[in-house]
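Each of the next two complexes has subunit A plus one more chain, namely subunit B in the first and subunit C in the second.
Here is the complex of A and B:
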């Protein structure tokens, strides 16, 4: 449909920070780059542990349908979400898997397995910022927003006192892609 | 880029729009997927000199909203599904006693407790007829975060202008979605405040309206205008009456004040209708899937158009009637088992085919689902529209639910 429409699906389980990751990506595009952006989500009644999905559509023009049907970029942070959504990937799209949680995936050139949660733990001592490592990897691979914009968006959203830890996590995401 | 560009959530936009409209009182009982409206107003209202009360239930919240509005404060509540059912009794009271107020209903899967975290459109008839009796009401429908800001303001304006409760319908998708909004561009929206009596208190007849407006000037309680207000049938003085002509007079006026001003109340968004052969009629989040489907149909050479009613009650009869004389068919996709499709059918007066499309998986329609219906109907029309092969609301290639 419209060519400049870019669809991102972030999937995993409740508590992994996928909704926040989606908001940060959407704010980087909408506030710091003047693009149209929509973020939606779906989740079960449980706040932790249940399946969680956050979607972002970014476009240079008006966004009519706000949800993702065939993602240009898929993030899967559980085995379940990988199995469920990998088949939806657009032709030529990219999938990023958190290999700390995802053990099985089809051999596919477009699949990039990165140990996001392990990286978060190594770089910051906390697994909680694995979502920000993922955001760094997404931006590094897609170039959908600039590094400067995503840094601003991360800093504007994360709790006070955690800025440095989150910037480290973001940088680690960029580096994980560069070293892949 | 600009300090006025925000990524706002639908419910947040509703809360901020309410403050912009002059709302200074919220009473409610939190319920998914509307809870953020209450949560945000609990913080924001005290900052602007307003009051927030979490009541013991939805019945009491609606009563508190009526009381606050009578005291002169623009008032609202927000709810969903089961909570909307509980609002109905006092919504009727507000409608009959002409208390301006706004009720936001973020639709989720029903009936009963249903599916709290999923979108649906099953309350569109309840919004019109949920309270008993032949009552006036205005209902608007949101399809974007910007709508939730702008239409909240419009809901307050209409409720103040016509002294009628206004129901603002949203759904889980629109309410929880975050979208880019240029808040600066919405700053200049006009705000309307209720007309107060010009006469001295001793001459005030609370339900006396001029024939031009049919809307009585409204005195705020506590400002020296003492008057009686009752849910019983009443005359101009506000006291109860059983005189047949007075009873009829009241009902006719309440009906007229909406009916005679439909041009001012009804708003629709019309896309690609000029040469359309098939018109999709879609509201709320469904309208966004439908717009994409219509654009895709045009790419495939099918002359499709879209009517998106922003005002769903009163229903845009005249527009549907006019479009019916031009198109071969309407398609009405809805997240219910077929509600507004009956209104389209009624307004079309048999001049065009009307085909519903139901989706009750409590997921947003995909553009592909609506597009497949457009193609099915197009093929049916071009092959002669025989009645035994007419597409039904469940026919065709409705893509399977994701799980």
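Here is the complex of A and C:
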């Protein structure tokens, strides 16, 4: 990664753990790799309907504008969020879709569809770690931080007693991209 | 509260739960009161030293600029954060200091010093809920959301099994301001 600004938008519904995913990505970049990072939740009228959006900007230099306008990488974990945000992608940007929840997208879109929630269930027995599978896939696809940094950031943030389960989920996200 | 923008900065060290406090304040305003809210973590070089900063902007209308420049309310839970940010307060703004950690501040500053961490320990046996004592104090002092909304937001975010402890901490924050 250069000093360039890299914008990530994580979208889906409340309860999918997107805020935690954003915090982990930002802390991996900032605390473990010495980059600048800003992590934001914007709550508009859609938040009353259960939609959730978490954004991360990572840069090698100071971040003046913390909002994400055209993501380099979009995660969409519901059909609604995919439909709403896919068109915002930067030219050359890519979207990761959770194909357990997202069933349709334009043929010409630059997407990688992975059954994140199914993978979480298969690998750990819990769908709740689909967010960490997503984090693994994001890092594998973008290379925005090292595998070591994201592992440290995951371990620093997940509840005590769930470390092993979350590392499995992270690894499964890496493998899903590698095997795609 | 009117439609005016209200800026809150929560500052201290990593591990004091300031991100969670920010999320709870933002969700109380947005999900339970229908306002707009943006909640941000900025990780700069100071984050490698263990400093933590979480910001919330609440407004009755759309929030174009999510950064906090001159807070209406500052929470400082370490001496370092107090020294660093007290001068940024908006004219007429107020700071809540955790007097367990903050020992000195300018005589002419508009501050309310409360032993947040001591209160947390006395009321629940755990210092870890000092962030929720702080949330109670912030809401009591600012009136930015109702007591009912902040209670709902706390219950929606704290770990299962800790609800009662956190509601006690919240209530203690309200009382600390009332009795000040």
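A few comments on the model shown:
Convention: the second predicted complex is superposed on the first by the 168 of 180 C-alpha atoms of A that agree within 3 Å, B and C clash if a C-alpha of one lies under 4 Å from a C-alpha of the other, contacts with A are read in each partner's own complex, and residues count from 1 in each chain.
Rule of thumb we're sticking to: a contact is a pair of C-beta atoms (placed from the backbone, for glycine too) under 8 Å apart; a residue touches a chain by one contact, two chains touch by 3 or more.
The model shown is predicted, which means the values in this text are computed figures rather than measured ones.
With subunit A as the common reference, the superposed partners subunit B and subunit C clash. When the two complexes are overlaid on their common chain A, residue A:98 makes contact with neither subunit B nor subunit C. In the superposition on chain A, contact of A:7 is made with neither subunit B nor subunit C.
Touch criterion not met for A:72: it reaches neither subunit B nor subunit C.
Applying the stated contact rule after C-alpha superposition, one finds that A:151 touches neither subunit B nor subunit C.
After overlaying the two complexes on the shared chain, residue contacts for A:159 are found with subunit C alone; subunit B is out of touch. The clashing stretch of subunit B relative to subunit C, chosen from 219-227, 363-371 or 381-389, is 363-371 in the chain A superposition.
Residues 23, 26-27, 30-31, 34, 36-45, 63, 66-67 of subunit A contact both subunit B in one complex and subunit C in the other. Looking at the complex, you find that subunit A touches subunit B at residues 1, 23, 26-27, 30-45, 63-67, 69, 84.
Of all residues in subunit C, those touching subunit A in their complex are 19, 23, 26-27, 29-31, 34, 36-45, 47-48, 62-63, 66-67, 159.
Within the complex formed with subunit A, the residues of subunit B that make contact are 1, 5-7, 116-118, 173, 176-180, 285, 288-289, 291-292, 295-296, 364, 366-368, 403.
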